[in-house]
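In this document, chain identifiers A, B, C and D correspond to the written order of the chains, with residue numbering beginning at 1 in each.
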Amino acid sequence: MSEQVGVWIVGALGDVATTVVLGAAAIARDLAPTTGLVSEAPPLVGLPTAPLSSLVFGGHDVRRGDPHTAAANLARAGVIPVSLLEPTADALAAYAGRIRPGVIFGAGEVVRGLESEGAAERRAAGPREALELLRADLAAFREAESLTRVVVVALASTEPLSAALPELETLAGLQALIAADDPRVPASVLYAVAAFEEGCAYVNFTPSLGSTPAGVAELAIARGMPHMGRDGKTGQTLLRTALAPMFVARNFQVMSWAGFNILGNRDGEVLDEPGANAAKTTGKDKVLSAILGDRLGTSLTRIDYVPSLGDWKTAWDHVHFAGFLGTQMQLEMTWRGADSALAAPLVLDLVRLIELAQRRGRSGLQTGLASFFKTPEGVAAQALPEQLELLERFAAELAEPS
Amino acid sequence: MSEQVGVWIVGALGDVATTVVLGAAAIARDLAPTTGLVSEAPPLVGLPTAPLSSLVFGGHDVRRGDPHTAAANLARAGVIPVSLLEPTADALAAYAGRIRPGVIFGAGEVVRGLESEGAAERRAAGPREALELLRADLAAFREAESLTRVVVVALASTEPLSAALPELETLAGLQALIAADDPRVPASVLYAVAAFEEGCAYVNFTPSLGSTPAGVAELAIARGMPHMGRDGKTGQTLLRTALAPMFVARNFQVMSWAGFNILGNRDGEVLDEPGANAAKTTGKDKVLSAILGDRLGTSLTRIDYVPSLGDWKTAWDHVHFAGFLGTQMQLEMTWRGADSALAAPLVLDLVRLIELAQRRGRSGLQTGLASFFKTPEGVAAQALPEQLELLERFAAELAEPS
Amino acid sequence: MSEQVGVWIVGALGDVATTVVLGAAAIARDLAPTTGLVSEAPPLVGLPTAPLSSLVFGGHDVRRGDPHTAAANLARAGVIPVSLLEPTADALAAYAGRIRPGVIFGAGEVVRGLESEGAAERRAAGPREALELLRADLAAFREAESLTRVVVVALASTEPLSAALPELETLAGLQALIAADDPRVPASVLYAVAAFEEGCAYVNFTPSLGSTPAGVAELAIARGMPHMGRDGKTGQTLLRTALAPMFVARNFQVMSWAGFNILGNRDGEVLDEPGANAAKTTGKDKVLSAILGDRLGTSLTRIDYVPSLGDWKTAWDHVHFAGFLGTQMQLEMTWRGADSALAAPLVLDLVRLIELAQRRGRSGLQTGLASFFKTPEGVAAQALPEQLELLERFAAELAEPS
Amino acid sequence: MSEQVGVWIVGALGDVATTVVLGAAAIARDLAPTTGLVSEAPPLVGLPTAPLSSLVFGGHDVRRGDPHTAAANLARAGVIPVSLLEPTADALAAYAGRIRPGVIFGAGEVVRGLESEGAAERRAAGPREALELLRADLAAFREAESLTRVVVVALASTEPLSAALPELETLAGLQALIAADDPRVPASVLYAVAAFEEGCAYVNFTPSLGSTPAGVAELAIARGMPHMGRDGKTGQTLLRTALAPMFVARNFQVMSWAGFNILGNRDGEVLDEPGANAAKTTGKDKVLSAILGDRLGTSLTRIDYVPSLGDWKTAWDHVHFAGFLGTQMQLEMTWRGADSALAAPLVLDLVRLIELAQRRGRSGLQTGLASFFKTPEGVAAQALPEQLELLERFAAELAEPS
């Protein structure tokens, strides 16, 4: 396949985006192993997904900054091997040239403080004009790079939880809001709309709204586009969805499950704002109650910003459970993972799978991808083993042209 | 069903046995919840297994001692609620009256030092006569208590790993060894032979040989008896088989997995003898390599005797793994569980399920019970999710008389 | 010495108070060892402190409740041995008969919801009359029990941080506030005033104000009474003050020190109110910066209410530090302690030592007791080793009548 | 001071040695902070110790290898900043030119397998001739580099525990053994003898014998040389000696203290040999019983080789202790430290302090340095706070020429 596939990253200057672009180049050039890429292991490895060498990266960001500095910082922190910086510098440079100013409406103060001039202008222009500009960027990217297909991936910082907007629940309502230049339209929704209008598949790796509202999902169907979200399942929640089913299988009562995350990257800084934090921890707690149901007493999840840790998210979970005759026991876990190194391969997996789904003519929510998300849309199953069965079935369906 | 089902415990004076008998009485009398009993939760809860109130307990032990003292010690250590001691005292007393001297050939020094007079006599008598005495005990138990069926459960301390005995691999060889009064016949094998000869189903909850050798399994088929083993999966290994598949699913490399167990009960004391320790840790390491295959660098498991901990086995696992671009991360877990409280409900579950299997006319290895064992015989699958699917299928098969 | 010494506990129905009274009786009757009592080990063991058998307990509480129920609950949770309940029942009964309604002004909603009728009346009466009633209770206690000396110990739930009251900084201002029936006078201050006015030594084991304001301390001097506070150092902070000096001694940089406490007793419930939580965590963070100074990057302490844990406070500390050439390393600690079992012996130690100080004619702050407190008043030294040297010197001074 | 001070490292190609030489150069050139250097913080910072820029490094090693490769490996593992490799390359090159073949008699198989040709020849020559060669190397080093003084530091891999050699307990016996070319003379002793005979101060940072035997210590006195050992206190034991005194101060019973170390550097590989492991863990356990005395139930320390961890020694400690009324609690700690980064600054500190001691005319054991060692010779105090007081006194004594 000599087709080129575009990957348009919203949040293009973030650590995850940088790791995605650098990592894809490194692996395509045989400088790094495929470890961590789910698409390179059974049951997905045989699928005709786009090779990493065929991916072309670009994106939006509201921030000032450049991917080289981000990569150098990640290397210094041990998230990326120092030895990969130089041999991938050209790929990052090309990528830097394809980054356009993003828009921001619903974001918090920290993000706003980092805004670039171009992004400030687009924000001032209002939702209606901003949408046109985002669409134009996507169209120009496809044209300039001669791309067969483009996938849009949301990797931007978490938007604060905002009041429910009932208008977003229908396509008509959504369109009316935009037409009225209503500033309550979340930026994450605008990006999803732009993607579908431009014929791009869409993946929401963040806890922000994105393609979640029914009105946006309606648009995806109308345009025949596949999409899936939301909130990538990278660390503590991955662990929890692997472990919680064990407590069910053994008929234990989980009297309490308390989890504390400390991290120091921009994600952590943004989450220091209470609204964004709530958006994030709510999803984490729901996962436990979905799997454990009545077996769960109380659960508690906190995310705290500890600058010195940088990208190294450290999570402590304390599970207090009762077994035979009510005897009380404990399980403690400490997870020490590099956030960007955990997220980046999943982003590449999702891009490859949703692009293949589009090629296979599928549209709407791709629930077979549930295992990649903390809050998989349209899927009740939260337990990892059940979600992995969905993935296996999905792989079987995608194997052959239908 | 007003039938009475016999449960004959080998290792009748151990902590697990005591917890089993006391717990069954407490739950049957509505003094304790059914927490921890897998047979009381989906997918097993609707099956026509024997009610706990129909179980009659007896057993063999080589030791001096009595179940009341054992129960009082467990209560003092917080493994059993103190409040249950008095209301179950009669059940323990009846049980104490049905305990007969066991035999010991392959056991270590610690166990030998605790031997009762009756057990010493039986040991002196040699394997051939010992087998006859064990069989007579089973027959007398069935007769005296008017039992419809009897299940034999091996809960005795771990026998040391001994040199392979090729004779055990055929029924004829096994019978010749016994006829020749060869002292190398492991006691655990003799108990299994006695069970099958007396028409009893058999469960091996220990790492000792039991019904594992092909010659013994042949006898089970010849007598039409169901059986399964070996080594109950109660704590650290349960956790590992729930978690290790996650590393596979995400295409991580597990560079090393090191686990340390500290415990202070008799099990720990026996495991202080190097032979017995090897028998135990070998199984634990195999589980990881079976699930992780090539992804596993090195693994290491230790069990150490720390008297002060009593029944509270504490296990620390350190997992060092590599993800995207080879970035190295860590997961640590500390499990703090009461060994007897973890094992006892599984023993009751296995008794109920193997008894139902016998009623359904099944014989030979019951591989559907794999999830209960560290080394499930006749089953390649070590990952907990796969084993739980086997259990689900098993439940469906047992649901209706075939 | 056949003298009787009174111990008047503010917060008389709490778990710590119950453990103090039951424990003193159990040890005095040789039913329990002296483990955990600092006054029974070097360098204090030889001092002529009051024997436990000479202590007579009474106290104030704003709540409904009784010590027997509290003791039974603590025993069920494994904080107190079940076997001690019966042999100390008479001591708890006598104590219950000496508990009088307390007052509450500055306390939070949780505490207010538990208020007894008597306490509600006293609150309605206002500070001036409340003070008279508290003093009358102390006088009646001393009289009724023929006590040589009475020590007042503050063990009540944490008061919320309130706005600074400059009037409290002089004795005249304090007296004017009370005379004016100003409801902003914290209850904890009233109790300290009552103690000094009645010639009682005073110990503040809580983070509330108590004898901290300069006006109250002035009164202690005026009345010749010894006192010390505040906030008993029982668990996580004890550990921190033992460990943090190690980082100084090795010239490490502590880039971050993050600590999370989870607990489920009434203390935890009260701390669920943001004001009270701030009062508590502020002290915990100050300790670290006092010891580490410039070496400390950021610190963070949280206390969360997890009901299932009851009295078993579990604290996780994550220390991220840099050593030679800036290499970054980590230390993690998990402390699992029964809060009341940790606090109770220190309360007895403090009562015995402050009573001896009073006998020796000392008045004002007893800084030699710094090692018992999270925020030792009048002492800059926060490192445990330095505080233990102060204690050693204190012991030497108290050894002989001056 | 324009004097040059020689530092002769036994084990010159090990990771610690490499880190010492590279680190000294980096700090002397202001490329790295002085973090981790005890000699750069109170109470030592003002002492007239030799500046790092005045140190000249050389040494013995039995292995093949070169410091550049060692440094590159350490940098790859995150123990040394990658950015320091190039600017210190000249210092490592100069050092490489001053490394001479060592001798090995009592070492284990792993070490023997790595032996260089030169070392093999020296081993074949026997102790008597080997000693002459070692001495000649020291003399040549001093001469070639115009060094005022030379300090010999033992950093070689741990020798296995060997049978006691009573001859080593007198100087005459020792000299007779060497004269007789007895192969039982441990290499570590030969190096110490060479040091003293050549007028060099000596530091034993390893658990091997070195200057410990009375006969060797006698020689130090005879030659007027200061020395101290043994076994650098870098990680788990440092933590234990800081924490154990807390349990004493609070009159707790430590029912058990179990510690497990996993590491993957050559030190770990050598310790995989049972003899060497015993030499190491014995010291670790003694520290606890020295501090806790009767309060200690059982203790247990293990060191296991887990190759993937490299230099990152990870230690888990589980402390089970009893407090008031016998209530049982737990403390767990996980220490994750880079072994070489922990050891290297202490080596520089010891070199500077023992050199100053020599300048001040001191000879024999320098017990003021106890806090740097796991088994401080001639010092009973094992608690870190007490040892730090010794250090403070030592600093005061060295401050002025006597």
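Some notes on this structure:
Here, a residue touches a chain if its C-beta (ideal position, glycine included) is under 8 Å from a C-beta of that chain, and two chains touch if they have at least 3 such contacts.
These figures come from a predicted structure and were not determined experimentally.
Common neighbours of subunit A and subunit D, by the contact definition above: B, C. The pair with more inter-chain C-beta contacts, choosing from A-C and B-C, is A-C. Chain centres here are Cα averages; for subunit C and subunit D they lie 45 Å apart.
Between subunit B and subunit C the centroid-to-centroid distance comes to 49 Å (mean Cα coordinates, whole Å).
Shown for subunit C are the residues in touch with two or more other chains, namely 78, 330, 332, 334, 336.
Residue ranges of subunit D in contact with subunit C, taken from their complex: 19, 23, 26-27, 32-38, 40-41, 78-81, 84, 238-239, 242-243, 245-246, 248-253, 322-327, 329-338, 341-342, 344-345, 371, 384-385, 388. On the side of subunit B, the complex with subunit C involves touching residues 78, 82, 332, 334.
Residues 255-256, 258, 260, 262, 297-298, 300, 302, 304, 306-309, 314, 316, 318, 320, 330, 332, 334, 336 of subunit B are the ones touching subunit D in the complex.
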